[in-house]
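Right, one structure below, let's go through it.
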Amino acid sequence: MTGRVSDRAMTSRSSGFELELAAETDNVPLVRHALRGLLEASGVPEERISDIALAVTEACANAVLHAYPRSRGQFEVAADLTPGRELVVRVRDHGSGMAPRVDSPGLGVGLPVMAAIADALEIDTPDGSGTLVRMTFDVAGPAS
Amino acid sequence: MTGRVSDRAMTSRSSGFELELAAETDNVPLVRHALRGLLEASGVPEERISDIALAVTEACANAVLHAYPRSRGQFEVAADLTPGRELVVRVRDHGSGMAPRVDSPGLGVGLPVMAAIADALEIDTPDGSGTLVRMTFDVAGPAS
Amino acid sequence: MEQAEPGVEVIIVTGEHDISTAPELERRLEAALESGHPVVIDLLGTTFIDSTVLRVLICAREEAGERSVGFRCALGETTGHGVRRLLDLTGMAGRLQAVPTRADAIAGAVAPGHA
Amino acid sequence: MEQAEPGVEVIIVTGEHDISTAPELERRLEAALESGHPVVIDLLGTTFIDSTVLRVLICAREEAGERSVGFRCALGETTGHGVRRLLDLTGMAGRLQAVPTRADAIAGAVAPGHA
């Protein structure tokens, strides 16, 4: 639970952020707090912030839990809030790629939770390695 | 296991098909067979066909198993093979929307299997109801 | 997380919890269940949980059932939207034996026949 | 699906199987496991399975383990790519006690100490 400042580089932009983090559990709340900061500063309603925080936390937990079963690695999170009040969050790892697990230590609801909360969820493997999860959230509308 | 011809309408196009089916398990192999026909006719290698058949079967099984927990419903499948050898398959239901289930009767590997096989997987809720799963497959490349 | 009731293991979970704190919560719950006393998880001051924490709560509830140990969660208006939302999405509020106050939770957990 | 070996329940699964036939396969496997005889699932002529069928196979394997009943799957070159792919993706080939021929599967399932 120690901060790992040296593991991350944070670049603030007017309407978003980019984080590069070690794929360790302690870094998951850091992402959530950065996201919360961005959305609070933009006046997004608290309930919608908390929904989005849940979806993004699940994506980060997957990068930490599943992407690097046999090694250490990094993951990146980018959040962009457009003037049209659309939030796009990308969670990218450079791990195994989506690997189905029958014996996952997780509850198995992460992907459906992301899909239920995000207005759109996209998963792919850019450049043929690892996983990119891209979620789009309408932050002007109701918490759905 | 009886054919349900009256439940479906099939429209052949030069490079694709559209099916509208009752959300019943017996219709899942029908989709797979239509897909196989399309891909065989287009000279896609057998192993790639079988991978794609698996991903699409999982998406259809989800529409049948999860979308309508308390009612009957329909699901639609559209497949488009572009001249650039990209296959786009859309599986659409008008059910509950993505609903995470802790006690799913499934093995819980459907979504990760789709994500692992498809070059891109997108999930959203068009017009605010049900689920649209959109998978893109490169059918020129290797079976990955 | 703290504890403060004789004869009942009351675990008060405050603030945000996720994959980074779930293992600690799991250890606390295992220790509580091993005491043999009824177990109460107070989520009234919990602002956020993710699915790894939900998994720990569900496992604790099942473990309590198997050991015939009394079990309740307190879940009320002060519980954060982030907790409610995950329970609602997954339909799990019922499975956690949730009641609205800590007093109700303690009473329910210690009452015989409610293991 | 058929059966043809005295003292061993051999279930031969041919062709494609998915959510539409998984319940029938599950019933066949349950009946076989209830016979008390060792159980062999012959997947040499299986061309395709989806995750609902894999789930049935895994459950049968676990059930056999719990009942201390011999269990093997036959999985070979004639088994379709569609079966292999799902087993490889999920890392399940090992968990199904897979051997390459029906004879090996029968021998493995009936051998004592291999339940």
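Quick notes
Note that the chains are named A, B, C and D in the order they appear, and that numbering of residues resets to 1 at the start of each chain.
The working rule: a residue touches a chain if its C-beta (ideal position, glycine included) is under 8 Å from a C-beta of that chain, and two chains touch if they have at least 3 such contacts.
In this text, all values refer to a predicted model and were calculated from it rather than measured experimentally.
Path length between subunit C and subunit D in the touching-chain graph (shortest route): 2. By number of C-beta pairs in contact, A-C leads over the other of A-C and B-C.
When you average the Cα atoms of each chain and compare centres, the chain farthest from subunit B turns out to be C.
Each chain gets a centre from the mean of its Cα atoms; for subunit A and subunit B, those two points are 27 Å apart. Distance between subunit A and subunit D, defined via averaged C-alpha coordinates, is recorded as 39 Å. Counting partners per residue, subunit D has 54, 58, 89-90 as the residues that reach two or more other chains. Residue positions 99-102, 107, 109, 113, 116 of subunit B are each in touch with at least two other chains. Taken as a contact graph, with one node per protein chain and an edge wherever two chains touch, the assembly fits none of the named shapes, being neither a line, a ring, a star nor a complete graph.
Counting only pairs that meet the touch rule, the chains in contact are A-B, A-C, A-D, B-C, B-D.
Contacts from subunit C toward subunit B in the complex involve residues 54, 58, 89-92, 95. Across the complex, subunit B meets subunit D through its residues 1, 25-26, 28-29, 32, 46-47, 50-51, 53-54, 57-58, 61, 64-65, 106-107, 109-110, 113, 116-117.
Residue ranges on subunit B touching subunit A, taken from their complex, read 97-102, 104, 107-109, 111-113, 115-116, 118-125, 131. Across the complex, subunit C meets subunit A through its residues 16, 18-21, 48, 50-52, 54-55, 58, 80-82, 85-86, 89-90. Listed in rising order, the residues of subunit A touching subunit D in the complex are 99-102.
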